[in-house]
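What follows is a group of structures, each given as structure tokens.
Across the two complexes that follow, chain A remains constant while its partner is chain B and subsequently chain C.
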Partner chain A sequence: MLEKWQKEFAVFVPSKASGVSQMEVWDGQDTAFLDRNRNTAVPPKAKFLPGMEKMFGFRKEEGSYVVEPTDGEPPKQLLFGIHPCDARAIGIIDMVFKDAYDDKYYLSRRENTVLVGMACTSPYDSCFCTSLGFGPADATDVDIMLIDIGDALLIEEVTEKGRGILAGAKGVIEATEKDEKEAAAARESANAKVSRKIDTAEISRRLPLVFNDREFWEEVSAKCVSCGICTFLCPTCYCFDINDEMLQDGSGARYRNWDCCSFAIYTRMPAENPREEKWRRVRQKVYHKYLFYPELFNVIACTGCGRCIRQCPVNWDITQTLSKLPAGSPGKAEEKQKAS
Partner chain B sequence: MTREIEKKLRDTVRELLEKETIDRIVGYEAGSLKFSTTPLITSNKADVDRLVINPFTHSNLSVFLRDLCGKVGIVAKGCDARSTISLIQDRQIARKDVFIIGAPCDGVIDLAKVEKLIGLDRDEIDDIVWQGEKAAITFAGSTQKFSAKEVLADSCLGCDPSDFKECDMLIGEIEPIVGGKELGQDRIREMEAMAPAQRWEFWKKEFSRCIRCYGCRQVCPACFCDRCFVEETEPRWISPLPKWQDNLIFQVVRMMHVAGRCTNCGECERICPANIPLGSLTKKMEEIVDELFQYRAGTDKDAPPLMAAYQPDELEDLMR
Partner chain C sequence: MTISDISHRKRYLPEGNVYLPHIAVIEKIIYETPNVKTFHFNFKDEKLKEEFTFESGQFGEYSVLGIGEATFCISSSPTRRDNLECTVARVGKVTNALHRLGEGAEIGFRGPFGNSFPLDYMAGKNLVLVAGGIGLAPLRSLIWNALDNRAQYGSIDIIYGARTPGDLCFKYDLESWEKDSSVNMTTTVDREAPDWQGNVGFVPAITEKVAPSAKNAVAIVCGPPIMIRFTFPVLEKLGFTPAQMITTLEKRMKCGIGKCGRCNIGDIYVCRDGPVFSYEQIRNFSSDEY
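After this line comes the complex of A and B, so read on.
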């Protein structure tokens, strides 16, 4: 099936060939990813929002600038083996790129992509997807979903696009009732293995009350080192910076690249930096994901993939911070209302 | 054995806080994942019982010292204690504001090495403990033993315990289970054997994965500049974009800037999410510094920082 797809799309699979686990172009041979049923280190968001993306070129002509748009459509791509947390994350950040304006760079890649999901069978200790309203084998936000039932992969058709790519595929047969039962059991089993939990209802209740609890935020932020690891590996983080690269003759190109709200310079402006202190930035990270994004888009901007917990140099753990939120008091909620 | 040492550490720190010899402590507590620790930064006596000593105390805690006020106690491995001394040399902290507690260290275990040896993720490993000079690793119902050399972090293999010269109190022995100059050098010798064109291709490939998260810079106690050269826009030294050329230059310049300050704690390599072998660069840098200047970072708090001082009779064949 992968070979068939390769004729029409650039097929990406989870691979460690580059030296780090991420989505790489399928080499036509490797099938190790079918057995190793866990997340890649670098999330698939890199395929829609690359770490570095050219927006347009420009050159100087007769005293003014001429813009050279980047050419054509992005290539058609098929991402194979996307886990539900990453798929759902893509659905979450889609909203931002369709919000104030249609971000054509992101959206055109999205339109030209087929997502083939792969259900988790052995979540990490750091996973906590089940607390965020879905599970490790759910078919949200993919075009087709694959579940390993031992001797075969059960295929769940989710979208028209997904149905389309299966048409004429060899070796695809109708699933039996037994197959469906096995898949349901695999789903149950994966769900049960997710041991890390958070209580989003309680978190949503407490966050508005503890915004101004500086002592709490200073304490929980003390060990953060303000790098970009959690952000860059997070499938729901999407902030970007824009930079021009210039040549001496005045020609150049405008790029966007990943930015991180944990960086001290993220909010630095000529007159001031509203988040100079680290505790404000750590607080911002938590609030953006668990309060502000839901206020705007009705969904928590976190899918419990756990990469931030695993990769953080100091093992700063958002689930621990969220479970330690002080109970707060109604008075503080009023302060926040007044301040905003 | 570890329990006794932990108790000794906790009792010591509690007393230091009670007597107000220190205002706060920076140490390690159990992390939220298996085989992990996380920094514990507290002025509260009640938190002291959370302090731990184990083979996973990876972080170089001296990175926090500049931002903490009052007199700070630090639970320091040998390399971390030297980083602390180096910060004192650079006038980033005052000697009187830090109380160095030399923590016993057999060397830290490199989880990535263990995962590779066993072929499992840490989640499937049940236990990793030292048994004499071997690491006993329990998984899938049985225990296998591995030599220390196979599981110790590379930076620990090359540790010279005699470099550790200064502390306020020593809780236990600081000496990796196995170690010695030659042991930590395998990768360097491999690279030196490569032809320059080969070596260039190697680093080009490695730095193509760099995402410019600056994790290496942020965990490094020697990288204390309030304004890093990468943030300079007039002139712009390197591009903020993660192009391999700029990624490589970033790291090379960073190495030059930490020359004489880097104690090879190994954190930059351990935390790199793109698995770039930064330890090879730090190790080689340390060797060059030792060879050219007979200088080891953080061994003499009264010495001027290496690259900030010039002796008239210094080796001048650097300039040709």
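After this line comes the complex of A and C, so read on.
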């Protein structure tokens, strides 16, 4: 099937060939990723919002600037084996790239991509997706979803796009009732393996209670070294920087790169910086995901993929931070909000 | 009609890929102060030159191609269509590069972005316009806009201050507003200076002295954050309600369209929801990072 898709799409699969596990072009042979089935270190967002991308080129012609847009439509791509948390993350950041002004770079890639999901059967200790409203084997924001049921993969069609890529596929047979049962059992067992939990109930009420509690945030952020790895590897972090490069002949290009709210320079202005202090930057990260983004788009911008916990050099843990929030019974929260 | 309504008003929206800059030519450069220049520019594309509109208070992203982009308001008035103007203090990489450009050089422009001063809300009211330093740039767009539609407004009070006489921007405008009998103009500098016969004192203190009436008035205050922080309480003492006080906020920006992330104050994005806010809105922000 992958070979069939390869004719139409650039097929990307989870791979560690470059040293870091990420989505890479399938070599046409290796299928080890089917057995490994663990989440990549670099999230698939990189296939829509690359770490660095050229926005346009420019050159000087007879003393006058000519802006050269990057060439047309991006190639059609198929991401195979994307986990539900990462697919959900793409669904979440779609909203900001569609909001008000279309972001052509992101959206044209998104349009040209098919997502083939793979149910996650061995979540990490650091995973907590079940607290964010879905399970590791749920078909969220994918075009088709695969679940390993022992000697076969059960395919769930989710979207029209997904139906399209299955049309005429060889070796696909109708699932039996037994297959369905096995899939349900696999889903249940995957759900049960996600042992880490956060309490998202009333979180929009509880977060404001500590917003102005500087001591709380200083303690929470004390060990953070502002390295930014949690942002760069977060599947829902989308902030970017824009920079120019120029050659001696006056031609050049504008690029955008992943940026990070953990860096003081991110918000620094000539005369002042609203988030010069580290505790403000850590607070921004937590609030953006759990309060500000939900206020704008009605969804928490975290999928519990656990990368920020696994990859942090100083073991900073967002689930610990969230667990320290005051319980704040609804009555109390309102009182405090009123008082402030 | 409250100020928050204006963000939904129909306005010129850049088409196509909003990240692509339009090339414009600098037609004239005015030296405002040793550190500030005003650039008069026009789009190269005739059709865009014809169709482009904006509103007082909106901003653009200006490029020196190869160096980068920076954010400034459009300091000219939409009522004067000969050219567009921006007024730039030399503070960073891009602004230094801009200052090195001469007349005839080309820049990139994206915009207009952001909301604008609530002209509908201000119509029929007395205007109290308070500015400090280069903060006069966004207000200047509004002032010429109001003067070109003079009949739509009541009295116009302008209070403008700078550190020294040499730091006053738009001296040519100040002169013509002083001559305009329909404008009550007050200029001040922070400290005594040789050959300066005008007012001496900080903008908030001078505002208190001028004591504009709050009745049927709206105050618009633009300048350094410290000036704004001290001017609002003075206006409150004079009877202005928070809804009657308007300002513009400044943040580091890159995209200008609410995507790149950095200009937020809580769930407010200054580029998308601002830069014009009433004090009523500001004091209700969930965050103090403004």
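In the analysis below, the second predicted complex is superposed on the first by the 321 of 340 C-alpha atoms of A that agree within 3 Å, B and C clash if a C-alpha of one lies under 4 Å from a C-alpha of the other, contacts with A are read in each partner's own complex, and residues count from 1 in each chain.
Keep this in mind: a residue touches a chain if its C-beta (ideal position, glycine included) is under 8 Å from a C-beta of that chain, and two chains touch if they have at least 3 such contacts.
This one's a predicted model, so the numbers in the text were calculated from it and none came from an experiment.
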Following the superposition defined at the top, how do chain B and chain C come out on chain A, clash or fit?
fit
Now for A:134: first (chain B), second (chain C), both, or neither, which partner does it touch?
neither
Identify the partner contact of A:52: answer first if only chain B is touched, second if only chain C is, both if each is, neither if none is.
first
Based on the superposed arrangement, let me know which partner A:26 touches: chain B (first), chain C (second), both, or neither?
neither
Just to be sure I read the superposition right, which of the two partners does A:38 touch: chain B = first, chain C = second, or both, or neither?
first
Between chain B (first) and chain C (second), which, if any, makes contact with A:258: first, second, both or neither?
first
After lining up the shared chain so the two structures overlap, which partner does A:217 touch, if you call chain B first and chain C second: first, second, both or neither?
neither
Applying the touch criterion given at the start, work out whether A:100 contacts chain B, chain C, both or neither, answering first, second, both or neither.
second
Thinking of the overlay built on chain A, is A:290 touched by chain B (first), by chain C (second), by both, or by neither?
neither
Between chain B (first) and chain C (second), which does A:80 come into contact with in this model arrangement: first, second, both, or neither?
neither
When the two complexes are placed on top of each other via chain A, what is the minimal CA separation of chain B and chain C in Å?
7
Please write out, lowest number first, the residues of chain A touched by both chain B and chain C across the two complexes.
241, 243, 245
Which bits of chain B are touching chain A when the two form their complex?
31-34, 36-39, 41, 59, 63-64, 67, 121-123, 205-206, 208-209, 211-215, 217-219, 231, 239-243, 267, 270-271, 273-276
Counting only contacts in the complex, chain A reaches chain B at residues 18-20, 38, 41-42, 51-52, 124-126, 222-223, 225-229, 231-233, 241, 243, 245, 255, 257-258, 260, 263, 265, 278, 309-311, 313-317, 319-320
Using the touch definition from the top, list the residues of chain C that touch chain A in their complex.
13-14, 16-21, 23, 44, 63, 65-69, 91-92, 106, 108, 224-225, 250-252, 254-255, 257-267, 272, 286-290
Can you name the residues of chain A that touch chain C in the complex?
55-56, 58, 64-65, 67, 69, 96-97, 99-105, 208, 211-212, 238-246, 250, 252, 254, 259, 261, 266-272, 274-275, 280, 284, 287-288, 291-292, 295-296
